[in-house]
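Going by the order they are written in, the chains are A, B and C; count residues from 1 in each one.
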Amino acid sequence: MRLCRIMRPDDANIAGNVHGGTILKMIEEAGAIISTRHCNSQKGETCVAALARVERTDFLSPMCIGEVAHVSAEITYTSKHSVEVQVTVMSENILTGARRVTNKAALWYVPLSLKNVDKVLEVPPLVYTRKEQEEEGRKRYEAQKLERMETKWKNGDIMQPSINPDRQTKEPYTVSYSQSTLIHLVGPSDCTLHGFVHGGVTMKLMDEVAGIVAARHCKTNIVTASVDAINFHDKIRKGCVITISGRMTFTSNKSMEIEVLVDADPVALHSQERYRAASAFVTYVSLSKEGKTLPVPQLLVETEEEKKRFEEGKGRYLQMKAKRQAQIDAVPQK
Amino acid sequence: MRLCRIMRPDDANIAGNVHGGTILKMIEEAGAIISTRHCNSQKGETCVAALARVERTDFLSPMCIGEVAHVSAEITYTSKHSVEVQVTVMSENILTGARRVTNKAALWYVPLSLKNVDKVLEVPPLVYTRKEQEEEGRKRYEAQKLERMETKWKNGDIMQPSINPDRQTKEPYTVSYSQSTLIHLVGPSDCTLHGFVHGGVTMKLMDEVAGIVAARHCKTNIVTASVDAINFHDKIRKGCVITISGRMTFTSNKSMEIEVLVDADPVALHSQERYRAASAFVTYVSLSKEGKTLPVPQLLVETEEEKKRFEEGKGRYLQMKAKRQAQIDAVPQK
Amino acid sequence: MRLCRIMRPDDANIAGNVHGGTILKMIEEAGAIISTRHCNSQKGETCVAALARVERTDFLSPMCIGEVAHVSAEITYTSKHSVEVQVTVMSENILTGARRVTNKAALWYVPLSLKNVDKVLEVPPLVYTRKEQEEEGRKRYEAQKLERMETKWKNGDIMQPSINPDRQTKEPYTVSYSQSTLIHLVGPSDCTLHGFVHGGVTMKLMDEVAGIVAARHCKTNIVTASVDAINFHDKIRKGCVITISGRMTFTSNKSMEIEVLVDADPVALHSQERYRAASAFVTYVSLSKEGKTLPVPQLLVETEEEKKRFEEGKGRYLQMKAKRQAQIDAVPQK
């Protein structure tokens, strides 16, 4: 399953770098097609695959306007009620012929009945070519399940407050100076046949607000470096207003971590309260005109809460750094 | 209630100034969200707020691509059946931090029942912090009510004629009844790296205008059946205004042929004259709800030219029919 | 080379059939990618492939919202200066697995130098697997060359008049020279949950047509200065065709007033007549590259009606000027 498209001016920032959100949206479209097709491959109730989780995604190399994005998706594991899709994104410069891998992502989908969207159906089992594939997939499945439960607990018990901007009076480099909120009224083209917002649309908005926070903080050309695992706690329906808020939590010498919260508000439906639909940490880096990473101004933390979030961000940063070092060390020296 | 968004290339003209219309659209989106939310804040029939009037709006300062637009909306008055929303738009240059107020607007909304859109519901009363606010609001309400009545009188009694009044006076099924013209200002997303319009964009507009002509003629669900060979005589550059005109040339029992002409007008380039960029014949058929082709009302030709074009269209139709028959006959009988 | 995409509500008409134009646009995107890639496959001057001709295209079967369109493109012939691309479009219902061929198309591209867009470069020769392929391709090449020359002759010698030829014959700076009409078929994204057009969408189109009128009149960079109060007389429903017409009514030394009328035409609803949905006066100013307001060419009024409208415009202009002066005077001098 492969999807490709030319990158246009509206897909990119003013420096010509394609928004991370545009790429996330294409990744999710490919994932939705392949998993919906798989889940309907056997006779039975018709269903649509809904995005439940995206694993941490790194942006290995920026993509530019005029390049062709190739998005290849493959089903790599199925449990009783979920499908894992692995996606690789490659950019192609059709003038020079140069190709680069820009992203690798893993997404989890759940099949929902078209008749009753609260009913999760069974997934037809995948046929593996090697036995190890199934075993490795099961491990990834168990790991994500554990992590989803942890996040659920965190978001459920201690519901994080939304971010409220009163930023005009604030000093540069403080958290409240760059914090930003974006409101979006869900339209028909944002939605699946079911009337639910495509996961990719939500991710694009999350990246957009994180990009505004990062640009306000360092006032340079900024690009997405990675997006943390995102859990989609609940579906967002057509006609909702979604509020996407971003605040900076941590800066290293050359990177910024931004927390993004997505709240859905079913304005025209009395039945339902506003709820947290998703949340994630997005990491941005700042680039010079030549495309080199620049130093980032240090974040000024003021309140106790901000200090706590900074320390937690630092923890995530050091852990990821150690993980990468371990991967490098694991490669046998030639 | 606050809405913010980065201004993109497609939001602006070629000089980089954001279109006034883009800003008006954001203002209205903020107004619609806040007033719909207010009108549903008490238990009762669910409703949606529909725009009834926008007060005069000045554009105090131009906004540019790459700037962030902040649109703040506030409910400032409610009558029994209407809501006044005041909106302020500010542009922020996120690189320099500079902010300017670019617009102030006042909009009036009316709550319509979701069950019966012709029923206007009651608005929950606003709580004012100062007594003068209510009094001032009432004055604005009375003033706009008076002005609306005056306009209604003007438009109702002495209905202003349209600017191109031809169509209305024409008989159904004539060429001039369904003939249509579409103007498109070429934007960045329509163009290649070279700054030329993608051929596909032109073809999409050609099909769009042909579809409007066909729908006006037979007032049913119509779909494209075929598009003639199209030659692209000359490139269309960024910043051009393209005029796409369509007129019906021929009807058979179950198909309509529409001629489409594309003219490019390099408004901002003094050097060049308007020129014909492409032309084609598009054939449409009319479909029933079950997807079957329906009979098409016969085209009424009036002038000598129309008769000539009808005969030429008949020629193309018969030629194509013969060609298809020949293809069918060429298949060996089993 | 393959391109695929889910069909969304905005790609289709209200009956759910994908617009032929949407499919033509995807076909051309696939053709542009594969031919640009081929033309740059050998060392030499960098180029971009520009669409020169599309052969007759039949739409064999309608495509629907929610289906996946697969667009496969292949280079089938190259002459010294042109590339033939054959494209097949297939629709896939990912719920049932059903696939149908919906289109077959053939396109001709010409490589233009990126340094000098008027220079046509040479195409690297294609390697054929069977000798007949080259021979058949050459026949198609000769046939289209002949047909192009015939069309050129028709368009060149006997240049067909435009369908609304008024404008071309008019003198610059007259009302009819710059007067413009825009037709818009209301799509799903233009509408609220109710199926009514968002007021903001109408206002954006009103500003767009006024901007075209202003640009045609003064051929410079123009920006919206103000929009008059707008009353929304009646709702516009999904599936309507809206006609937005603009004509210049008045010019002062540095501003232009344009009257915009919006008429809604419920083409697919027999029950209702065309009606006036909104109207307004929009004021534009002309800007230099440095952002200073420029003088505006005086409007030439010809008919009695135009003179009357000019005087009324002057009245509004003077009234607004006096109002602003009064506001300035009202501010206490420090």
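In the analysis below, contacts are C-beta pairs under 8 Å (C-beta built on N, C-alpha and C of every residue); 3 or more make two chains touch, one makes a residue touch a chain.
Just so it is clear, the structure is predicted and the values come from calculations on it, not from any experiment.
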| item | value |
| --- | --- |
| Same or different residue numbers at the chain B/chain C copy interface, by half rule | same |
| Longest centre-to-centre distance from chain C, chain (CA-based) | A |
| Rounded Å distance between chain A and chain C, as computed from the means of their C-alpha atoms | 34 |
| Chain B and chain C: spacing of chain centres that average the CA atoms, whole Å | 11 |
| Contacts with 2+ other chains: residues of chain B | 29, 32, 48, 114, 193 |
| Chain C partner contacts - residues on chain A that touch it in the complex | 1-6, 29, 32-33, 36-37, 40-41, 46-48, 68, 92, 94-97, 114, 187-189, 191, 193, 238-239, 268 |
| Touching residues on chain C, where the partner in the complex is chain B | 13-15, 17, 19-22, 24-29, 32, 48, 50-59, 62, 107, 112, 114, 117, 144, 147-148, 151-152, 155, 159-160, 162-164, 168, 179-185, 192-194, 196, 198-201, 203-209, 211-212, 215-216, 219-233, 235, 241, 243, 245-247, 261, 263, 265, 267-268, 270, 274, 276, 279, 282, 287, 289, 291 |
| Chain A residues touching chain B - in the complex, by the definition given at the top | 8-10, 13-14, 65-66, 165, 168, 172, 180-183, 185, 208, 211-212, 215-216, 219-220, 241, 265, 267-270 |
